[in-house]
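What follows is a set of structures to go through.
Two complexes follow with chain A in common, the first pairing it with chain B and the second with chain C.
Our next item is the complex of A and B:
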């Protein structure tokens, strides 16, 4: 066990080392002044520039520059974002919170919808409803999320005007940044008409979380269906029916709880997918000023 | 059979979920059912460089600051273009036109914000401070935030004023070096704003004078609240504002650089008004019944300037012949999609110096070819047309325009090559005079016609880089200078008509078009007016 952990830790360190070295070299590989690329500080005064150059050991060798860079990274000083001019660490923490929030709602959505539908399909195995749900899930799984997001915006925001297309909440509400989770922040804030703000934020959440949830929903649906079919075909269920137990009794009996054989695996799968795909669609909504 | 009954027991959560989703959707269409906080959201096109228009002439900075945070001594009447009273309730001019005395309005309060609480109302000290900041190089605030005052320098206002003096608390006297009738107009531009001297003193005592331009204080209808780059600028209403106003809530600039996204937000109602709809979006806006599109002829001109220092373009006959070879009316449709009118001179029709009967050039390819041959330009002569790489109202697509003109010029036996560089390189090379001819234009900063004549064609404007024809005529300069010595519009108009005649005769540039300006907003918004003399104003904007 210890050996495995040690192996993983050393692998992680090595990966981070190579990665940081690569990201440091990017400052030289990108066009422009390496110091500006590293810090993100443009148009600094002469003294300011000299001070920065000293801090980043620009006059020393490449290796000591790299060492300074790593020190800055560990100190949490990640430089400024070129696109917003704000500290990168703050930018990342803000957008990370938004991502986590969106993914959480998408996950909830997909379980709330995917689980019952998966049961339905599994219990009606090889019936019409099973086939239609299965084909729907294949379609849902194959749709690129960014495209779905675009279509959703086009239909539900621009054509029908049901949902807003950008932002996390109407700009008319000035919700102070606390946790980064908009719904929590609203509850913590002291804005008047909290319930309207909450409702507005929910409306902003619907389109992006649904369009991401559609894919994770199909994953949940199919895994649930498979496990239900497996359990329903197992001998002890057959035996239970043979003893004359009602479907309700079978379904809610403690030993039939064995069935969620790997919900952790499902959740893991879905989270992995969200982390991966949210990036796609999140980017899209982000381009649309969404998140 | 068993399984079917089981289905019933689990179908209830499915129903519940569906009901939940539907109810969530159902609550959204009636936006009016619940009330948002009061406020106007304007989708703007970019980040302001600062919140002080003295420092920056870009429209983005002006829109966000000039008429929201600040006031000026004088303002333009949006309809007539005349200067009307602002913070100065009245003013007098001495006989010789050198001394202007301004009577200031009383009980005008500065904004009270989280970072500044004023202890006194607006008075002469604020005027003296605001003027001396850009005028006096030894002023402690002159070099704060860079010390560049582009508009004020471009019209030479700092050199024109010899003294700004406080007479008493509500009276200020400004002495000029020479009489100049465009002086009052310059005081009414977006750039002649009044800052708070008390706030400046406080910042200086705290050792943070640069905050004056990023955490602004003024007397305007809105007070600054917060700014997040690429996201928003927030303002609250200034409750003690001295003028009548209809906007009482917040004002928010939703920074949205993509014009299609601005339009989408306008359609969904996330914005109440949007900046700069593109020409291709105009029809979409006109077709939506909940959107309103206002248009007004703008104070601008797009033109084709010849480099008059380079032979054979130093010959007026050649320039006239080239102008005759181009069909302006065809350009109107192809380039401006009908959102501009052909220009007969550099002065747009909305200016009082406009001459309705002036004739610039008439499309006549045969005459053009003949005139060219007479002046020694043979078939196959080659020249360059420089096309600016950016989109401007006065020329939304210079590249395409250059291509069309290439064809017209081929008809008269001229081989035109199109040249374009990245925008800053383009301007740098133009300043060196490397071009044969260039497609470019001008947007005025104030309602005064001098703002067209002087920067575009006077000798001194070659140096400052706005005279793209590099044309220098003593006769023309005299006319333009003389016009400024008269205060009466009719007298001035006489000199300007002479100047227009001279331009038509010498043709240093061919005026092409005056583009319309557009403002798009939702139908529940009232009070948005296009300001031909500068930035947008939200004082009288309200929403039902």
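Our next item is the complex of A and C:
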């Protein structure tokens, strides 16, 4: 156990090292002056430029430059954003909270819907319900999410007028910025009509989170189904059926020490695969920023 | 002279025949195979099928709805856009571009990825561990993000986005190939070839490659749907194909300007992407389950 943990931690640090080196070399690869690319400070005076160059050790070798870069990263000094001119760390923490919030709701949605359906499909393997769920999941899996979002806006916001068009909350409510998570902010704040503000924010969240969730839900469903089928085909399940237990007993009875573990393993599998980039769900969450 | 065939049960279908027999049973997969063939047909003969030039502007037909609408016109089956360009021909050319480019990209990245993966899988010790760690760190980045970073370095444009996507697709092929090669290297037929004195190259081409070809086809279908999604997403974000060129993602982002008055301008290209991805995914699924179950029946 300890050995495995150590191995994975060393892998993690190595990966982070390579990634940070990669992001540092981007400053040289992007067009323009590397120092400007690193700090994001344009049009600085000559003195300021010299000071910055000293801070980032631009005269020294590539490796000491990299060392300075890592030091700055850990100190929270990430440079300025090119598009807005504000410090990048603040900028990211602001928009990251919005993305994380949206992704979290989409993920919760997709697990609440996808896991039970996946279990259902897996337990009714090669029956009608399995085939219909599987074909529905292929449809959801193949929809380009940016197009789905547009169609959802066209139908539900413009044609039917059920949901607001864009933004995170109506301009009527002025919610002070605290955590960046809009629902938490509303609960923490002391605006007069708290419930209405909360409802309004929820209405703003429904369309984007549902349209992302449709895609991720199908992925959860497929992975859960696959793992359930594998568990149900294993020998101890066959043995339980051979002993004359009903399907319900086999599914729920905690008589085997292995059972709860294998259910957890199924859920863990699903989370692992969602995070795994081979299945490319990262792209969908990435797209969330473009809403 | 016909071969005398007394015992019918002596006929053993080849693995490919087995796979096809199993694949045929899955009607949805078969239908989507026809759909993919249709797209390939459109890709090759698109210019002959399209009624108009995709860039020709019909000034008297601006924003005409599709033919099944009351205000529609039969000469423009899918309607026209804000500049009076025929939507059907634009979509035909768009399918041609998106599908054809994705196919080329996937084939290129397959060739590179498989050769690198074979090297990674057959080497041992420090070299393979370095390759593995590098690969794991690259796999941690979403393909679309890699593509966007590369585009930020080399600039926007269709050709640059093609480079970016093929570079982003390669790691998946390396990973898959490496795993399969590792698996196969432990088989006895590889050991037999080694005992006969075969070199690494010979073993790979004669013993391993024939056995992994089917898995590669499945991986290609997966990569194809990713490539189509990425190309159209980059076109949609105005990072890939630029505005006048009829690429499906670029069509979508152009249709966005007139989405309120002409929703068919975003519905049609999106539906084309959707149909393309769905048929490819279904073929991939059908193929995978056919490979899994072909020997069980």
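The working rule: the second predicted complex is superposed on the first by the 163 of 291 C-alpha atoms of A that agree within 3 Å, B and C clash if a C-alpha of one lies under 4 Å from a C-alpha of the other, contacts with A are read in each partner's own complex, and residues count from 1 in each chain.
We adopt the following convention: a contact is a pair of C-beta atoms (placed from the backbone, for glycine too) under 8 Å apart; a residue touches a chain by one contact, two chains touch by 3 or more.
Just so you know, these numbers come straight off a predicted model, no measurement behind them.
Which partner does A:161 contact after superposing on A: first (chain B), second (chain C), both, neither?
first
Between chain B (first) and chain C (second), which does A:212 come into contact with in this model arrangement: first, second, both, or neither?
It touches nothing on chain B or chain C.
Examine A:120 and indicate which partner it touches, taking first as chain B and second as chain C; both and neither are also allowed.
The first partner, chain B, only.
After lining up the shared chain so the two structures overlap, which partner does A:14 touch, if you call chain B first and chain C second: first, second, both or neither?
second
Figure out whether A:196 sits in contact with chain B (first) or chain C (second), or with both, or with neither.
In the superposition, A:196 touches chain B alone.
Regarding the shared-chain residue A:26, is it in contact with chain B (first), chain C (second), both, or neither?
In the superposed model, A:26 contacts chain C only, not chain B.
Would you mind checking which one, chain B or chain C, touches more residues on chain A?
B
Name the contact category of A:248: first (chain B only), second (chain C only), both, or neither.
In the superposition, A:248 touches chain B alone.
Contacts for A:237 in the overlay, against chain B (first) and chain C (second): which applies, first, second, both or neither?
The answer is neither, since A:237 touches no partner chain.
Both chain B and chain C contact which residues of chain A?
In chain A, residues 158 are touched by chain B and also by chain C.
Can you list the residues on chain A that touch chain C in the complex?
That would be residues 11, 14-15, 18-19, 26, 29-31, 134-135, 138-139, 141-144, 146-147, 150-151, 154, 158, 277-278, 280, 282-283, 286-287, 290 of chain A.
Give every residue of chain C touching chain A within the complex, in rising order.
28, 133-134, 136-137, 139-145, 149, 152-153, 172, 175, 225-226, 229-230, 232-233, 236-237, 252, 256, 259-260, 263, 266-267, 270, 273-274, 277-278, 281-282, 285
Write out the stretch or stretches of chain B touching chain A in their complex.
Where chain B meets chain A, its residues are 2-3, 5-7, 9-11, 13-14, 17, 24-25, 27-29, 34-39, 41, 225-226, 229-230, 232, 234, 250, 252, 254, 256, 261, 264-265, 267-270.
For the complex, which residues does chain A have touching chain B?
83-86, 112-113, 116-117, 119-120, 123-124, 153, 157-158, 160-167, 170-174, 192-193, 196, 199-200, 202-203, 206, 232, 241, 246-248, 251, 288-289
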